[in-house]
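The next part holds the structures, each set out as structure tokens.
What follows is a pair of complexes built around chain A, which joins chain B in one and chain C in the other.
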Partner chain A sequence: MNQRTETGWKPKPQHPSRDAAVLRAPKFMLSDHALPWLTPLLAMLLVFALYPFFYNIWLSMHEFVPRKRALEWVGGDNWVKLFADTRMWGALGVTLLYTAFCLIVQLVLGMGIALLLDSDDPGFGFLRGVLTLTLVIPPAITGMMFLLLEDAQFGVFTYALQQLGILGTSPILGNSSTALLGVMIADIWQWTPFMVLIFLAGLRAMPTEPFESALIDGASSWQIFRRLTLPMLGKVIAIAVLIRGIDLFRTFDYVYVMTSGGPGTATYTLSLYAWQQTFSFIKWGYGATISLFSLLVILIVANVFVALTKLRW
Partner chain B sequence: MRFNHNNRKRYIASITDQFVKGKIDRRTFMRTAAKLGLGVGALGAASMLPPGGRGGFISEARAQDIVQDPDMMAWLKEAAKPFAGQTVRLATESTPPSNAINSALKPFFEEATGIKVEIEVLPLEQVLQKLTLDVASGLGTYDLYYIDQSWMASFAGDVIDPREKYESSSDLAMPNYNMDDFLPALVDGISMYDGIMVGVPYDIPIFITMYRKDIYEELGLSVPTTMEQYLANAQAIQAAKGPDIYGTTGQMKSGHYSLECDWTCWLWAHGGSIFGPDGKFTGNDEAGLAAMDYWNKLKENMPEGVTTWTWDGQGQSVLQGIAGQALSWGEFFPWWDDPEASKVSGLMEAAVPPAPTTALRTETGFGEIPGVGHQGGSSLAVSKYSKNQDAAWLFAQWATSMDTQVYITTLGGGTGPTRESVYDDERVKANNRVGAGTTRHLDVVRETIASHMGSEPDLPEWAELSNDTIPVELGRYFAGDYDSPKEVMDAIAKKVDDIVSG
Partner chain C sequence: MMSLSPTQRIIRALAAWLVVAIFAFPIYYWFTIAFRVEKEIFELPPLIFDWTFSGKSFEEVFGISFGYDNGAQQLAGGGNFYMMPRLWDSIVVAVCSTILAISIATLASYALSRMRFAGQHHFVFWILSTRMMPPVAVAIPMFFIYKQFGLLDTYTGIILVHALMNLPLAVLLLKSFFDDIPMEIDEAALIDGASRWLIFRKIVAPMAIGGIAATAVLCFIFSWTEFLFVLTLTQTGLKTVPVVASTFVTSTGTAWGNMAALGVGAMVPAFIFILMVQKNLVRGLTLGSLKQ
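Up next is the complex of A and B:
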């Protein structure tokens, strides 16, 4: 029942304790202003993104001196060192090659498999579910698995390739010309299903009418794929490429587990190099510089890609 | 707990049954068994029962009711009273002593002292990272440091000298601890840097010759006493048994410390050294190139996979019976002798390393001591940043005491003890027979430590040089990126000298 007050009627409190709590809450929490609602997100951003980012910039201008157990100001020395470091450029080259190759293979394979699985026939739902299995395996475990599969003495994969005459006696991961490919196979095996799932989601969300019209007009399967499926799937493909591309650029697990960057520096990626400088040799400043450089490369490439593909967020 | 005889037996049967069926874990089982006066030997009773609950590496102590030295444990109990409830942390490589302590012996220390022990067992390179971060931050996350001999110079300023601690804290000085019992060569090789005792000698993996007795007998080969003979034996095995069985094996993964270990062995065996007295890299001199030539010939008799293997792969290759001989870590030997894990149990024999081709070099830099028996020992040190230094010091003494080292060795650890007296202990000698945890290679280990041991140089940059610069370039060489040994050695010389000179 409502109560009469001097200013009019107001609802009778149904839950007195809750209303009391509301009354005790700070005023700004009850306002319609956006700030209170954004505060948790801003706090998260500040703690987990902005602070580490600015700290990284600060760190890149310092270097840890082991004998003094302290950081010392070095200004731009780390950046000068970075651009003169041939090993860093080698690592960048390996990273770009790794990213490009894996991306292309995963894109083509992912699209092919997605088209094959885009069906409502019995059993296809199960197959689509099975595809997610590789994604739940930690990459380090996948790396260990392929390390054993590609072992020169005990590896099943090596044995099969040798029997087929594709591979000689040289170990896959011990040879400069095949080691990177050996690592990429693990990545492709694990992450192609991710592409398949994204493409499948896009394919199954497409309207059927244009395809029915095309069939009535006598279009071939290739023409339908090229003139309908691909253009209509364009944004989905662009998103998939962007996400996987950034992920591939940061590759660390497979390389660390399978080759440690070797033989020599044949599989040394930028992430592995930054990690090694930071954690193995405690060159915190230089490690931070390499990380910032990686970030810059990703930002530039990603923005150029977004502009070219006219992606809108 | 008080039991009469019958109840006690019934209770033992009950907990053993539960352990075998997996209803209680090893630790609970051992704690309960210890209260009944059975100690680790109780595991023996469990292991004789049908399979089900047995696990871990303990396999040889089952016949013995080992109980730790009561005097030592009583002293620990008393000395640790002020520190009961504290926790000490150690990050260590997965080595036999650490595994034995972590999986079997730790509860005895915890029971006696009330001090909790947390041990992180990690790959060697991760231990280095943890240590480096700990000393860099000065947080004292770890109370104890596992310090590989190649890192001594890097951490000498971050630890408490155990000799000083022993003398300055008399109430915490374990009676009969006997510092002089540690093998003198080890104290010099793995514990001392620039007059500071960095830690207490903890373990001593060392290169010894290990060979397949059956193949040697079949082919009429004799135990190699020279490097030429070692190579000839490898070639003979390869010719007669290949490709199923290779002449020898290796640990040659690019960019890994194990590759550097193999290299130093061949380098020292040819009269070379890593550094000259002037502190310059000398691996590219005549002796260094002779070593590379020898290594190349030897590699022709190794499995193709050696360039992707660290010590794990090398150990596996012998274990699987595909290599006829190895000049490598002696701690492999008890593993290879384990009939449950190995195809070569009882077939392996040990010998001291072959003599060098020319006299070992004496003029070196940074305290390097050439010797064919490359050692990879480590010491256990108390961190000066630790907030529980006294508790950590008690643990360090217990872990390196004569009694605990006997346990470590007899429980199947297989590493060479760092104390003289352990080699002579009857319990250790009793395991001188074929089987898991054998100690039949220890006489060879002892002689190698005394007469053939080689130690790497001590300099702050050595961790980077030995874990990256040298093994990365050697990896590139074996992958075909360099045209000649001279080219790769000159490249290493330039990089090493640049890093050392800052």
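Up next is the complex of A and C:
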């Protein structure tokens, strides 16, 4: 085997000793079966994904009793409590509103900017590069940036909006009717470029022939966009909606940094509510229950979405 | 696509520059906050262009001297805002978790790309599903598990959880890079008697090295920017930059200048990295499903 490999595959072995070392790799690694290759991944996912998952289920059936300083079995009580908890439904509502609003704005803005930047004129490559920068800023830092921009006293946005007469004297993040919008602006700013990049890749990969014949047939720009561009971008849009939708639904960083859920419960998302129940109010079991609930919602919705759009990986 | 008249092209260019300038403005403003004299942060109307330069925030945060305000001598290594150790924490966590995730993922994705087994489609989809898990649903049980095993507040704990977080991305993305390499190469080598391990080590992995590097960069960035796990699973032992920045907001006032300086320190390496992987960025952001 050694002999055949070395003569057959590599006519003049430069480092015979190194090749020999490779061939002395553990026997299971020489197999043609997938399992040994997947073992490290499976071990990692088993220990760090499945075990916490089942531990979470176990936790959701217990509750911490401060008097006894111990977890106590409560069975399905946490789940009963969950469905009767108006603040949880409020948090779910905020999360869904946040997800839907940001997703729609990012899709529309992203598509518009992608169409605008889809050009080979000088300078456009640079502009596309600049847009990617927002994607790598830690979301917690983005939260700080917008905390400063939206500050009630010296924020640039506050000042500009006040000068334009749109905003009164009430602070953006301190008012329950505008706080969520204030947080969403940070998300929209950071992740619209994500949509732009994905749509640009889709636009640039399109064949030109259908567009040429549509032009010859006298189609208007809107008709071309509606009947050609959009349908051809179908898969791209579906992927963008799936990935962004998942990330929006589990949003935590922005609300934690910018408002901590306040004022009142105006910006409580499901993730933040679960986290605070666990770590601020020491309701370990209930926090785990909420987090499991959000996991279930996201898995069901995402799986239905993948099935409907027939996405393949 | 459509041919535009010169006027239309100029209008388009102006609109494009304007839109990008709007998106770049918060970053620009944040950089000026990091470098301006402290009292000018609170000026009304806000100073956009005519601010005064000061290196004081940077000196305090990074313990380096620009020779301004005599700040560095007293503060280097000692001040409340000296953040070099936290920057080091961030680097250690990001580098180690990236190495771990990439080593596990290259092996797995080679197998997923080259070998066929029962339920493979479901397995790939299961990996994708782990990407959908809300981090909070992992962080809560992980906190109690780590407490039991003494992994709270340790590098090991954070590195493992960041590697886990990046595994779905790394596996799916690397699989797409391996899928780009023709299967005939493997088959020819197999016929010549090479083992799978040899083919992986000597042929396929070197051919995919660009893709592996791009994946590593993305894993690094996601670990670098991660917030929730570090917030939950550390107390005092280590803190990464995004988490420590959030502690600058206090009831007595926010140290905006220092926070901005730290933020700039966190952004610049990420900016450099992202510009390195422009070519594979869309593929990375879509977990390998869209190619540029």
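Just so it is clear, the second predicted complex is superposed on the first by the 279 of 313 C-alpha atoms of A that agree within 3 Å, B and C clash if a C-alpha of one lies under 4 Å from a C-alpha of the other, contacts with A are read in each partner's own complex, and residues count from 1 in each chain.
Going forward, a residue touches a chain if its C-beta (ideal position, glycine included) is under 8 Å from a C-beta of that chain, and two chains touch if they have at least 3 such contacts.
These numbers were taken from a predicted model, which means no experiment stands behind them.
Quick one: classify A:174 as touching chain B (first), chain C (second), both or neither.
first
Who does A:198 touch here: chain B (first), chain C (second), both, or neither?
Once the two structures are laid over each other on A, A:198 reaches chain C alone.
Touching A:216 in the superposition: chain B (first), chain C (second), both, neither?
Neither: A:216 stays clear of chain B and chain C.
If you stack the two complexes on chain A, which partner ends up touching A:140: first (chain B), second (chain C), both, or neither?
A:140: touches chain C, not chain B.
Should A:153 be classified as contacting the first partner (chain B), the second (chain C), both, or neither?
In the superposed model, A:153 contacts both chain B and chain C.
Does chain A have more residues touched by chain B or by chain C?
Between chain B and chain C, the winner on chain A residue contacts is C.
Answer with first, second, both or neither: which of chain B and chain C does A:265 touch in the superposed model?
After superposition on chain A, A:265 lies in contact with chain B alone.
Once the structures are superposed on A, label A:279 by its partner contacts, choosing first (chain B), second (chain C), both or neither.
So A:279 meets both chain B and chain C here.
Scan A:69 for contacts with chain B and chain C and give back first, second, both or neither.
In the superposition, A:69 contacts chain B only.
Just which bits of chain A does chain B share with chain C as contact spots?
Shared contact residues on chain A: 147, 153-154, 279, 284.
Mind listing the chain C positions that touch chain A in their complex?
1-2, 9, 12-13, 15-17, 19-20, 23-24, 26-27, 29-30, 33, 41-46, 48, 103-105, 107-108, 110-112, 115-117, 120, 124-125, 127-145, 160-161, 163-164, 167, 171-172, 189, 192-198, 201-202, 221, 224-228, 231-232, 241-243, 245-246, 248-249, 254, 256, 259-260, 263, 266-267, 270-271, 273-275, 278, 281-282, 285-292
Residue numbers of chain B touching chain A in their complex, please.
125, 128-129, 132-133, 135-136, 138, 154, 253-256, 303-308, 313, 316-317, 320, 322, 460, 463-464, 467-468, 472-473, 475-481
Please give the residue numbers of chain A that touch chain B in the complex, ascending.
Going through chain A, the ones touching chain B are 64, 66-67, 69, 147, 151-154, 169-171, 173-176, 179, 259-266, 276, 279-282, 284.
Please name which positions on chain A make contact with chain C in the complex.
Listed in rising order, the residues are 1, 4-5, 8-9, 22-23, 25, 29-35, 37-38, 40-41, 44-45, 48-49, 51-53, 55-56, 59, 113, 116-119, 121, 123-124, 127, 129-141, 143-149, 153-156, 159, 189, 192-194, 197-198, 200-202, 204-205, 208, 211, 215, 221, 236, 239-240, 243, 246, 249-250, 252-253, 256-257, 270-271, 274-275, 278-279, 284, 287-288, 291-292, 294-295, 298-299, 302-303, 306, 311-313.
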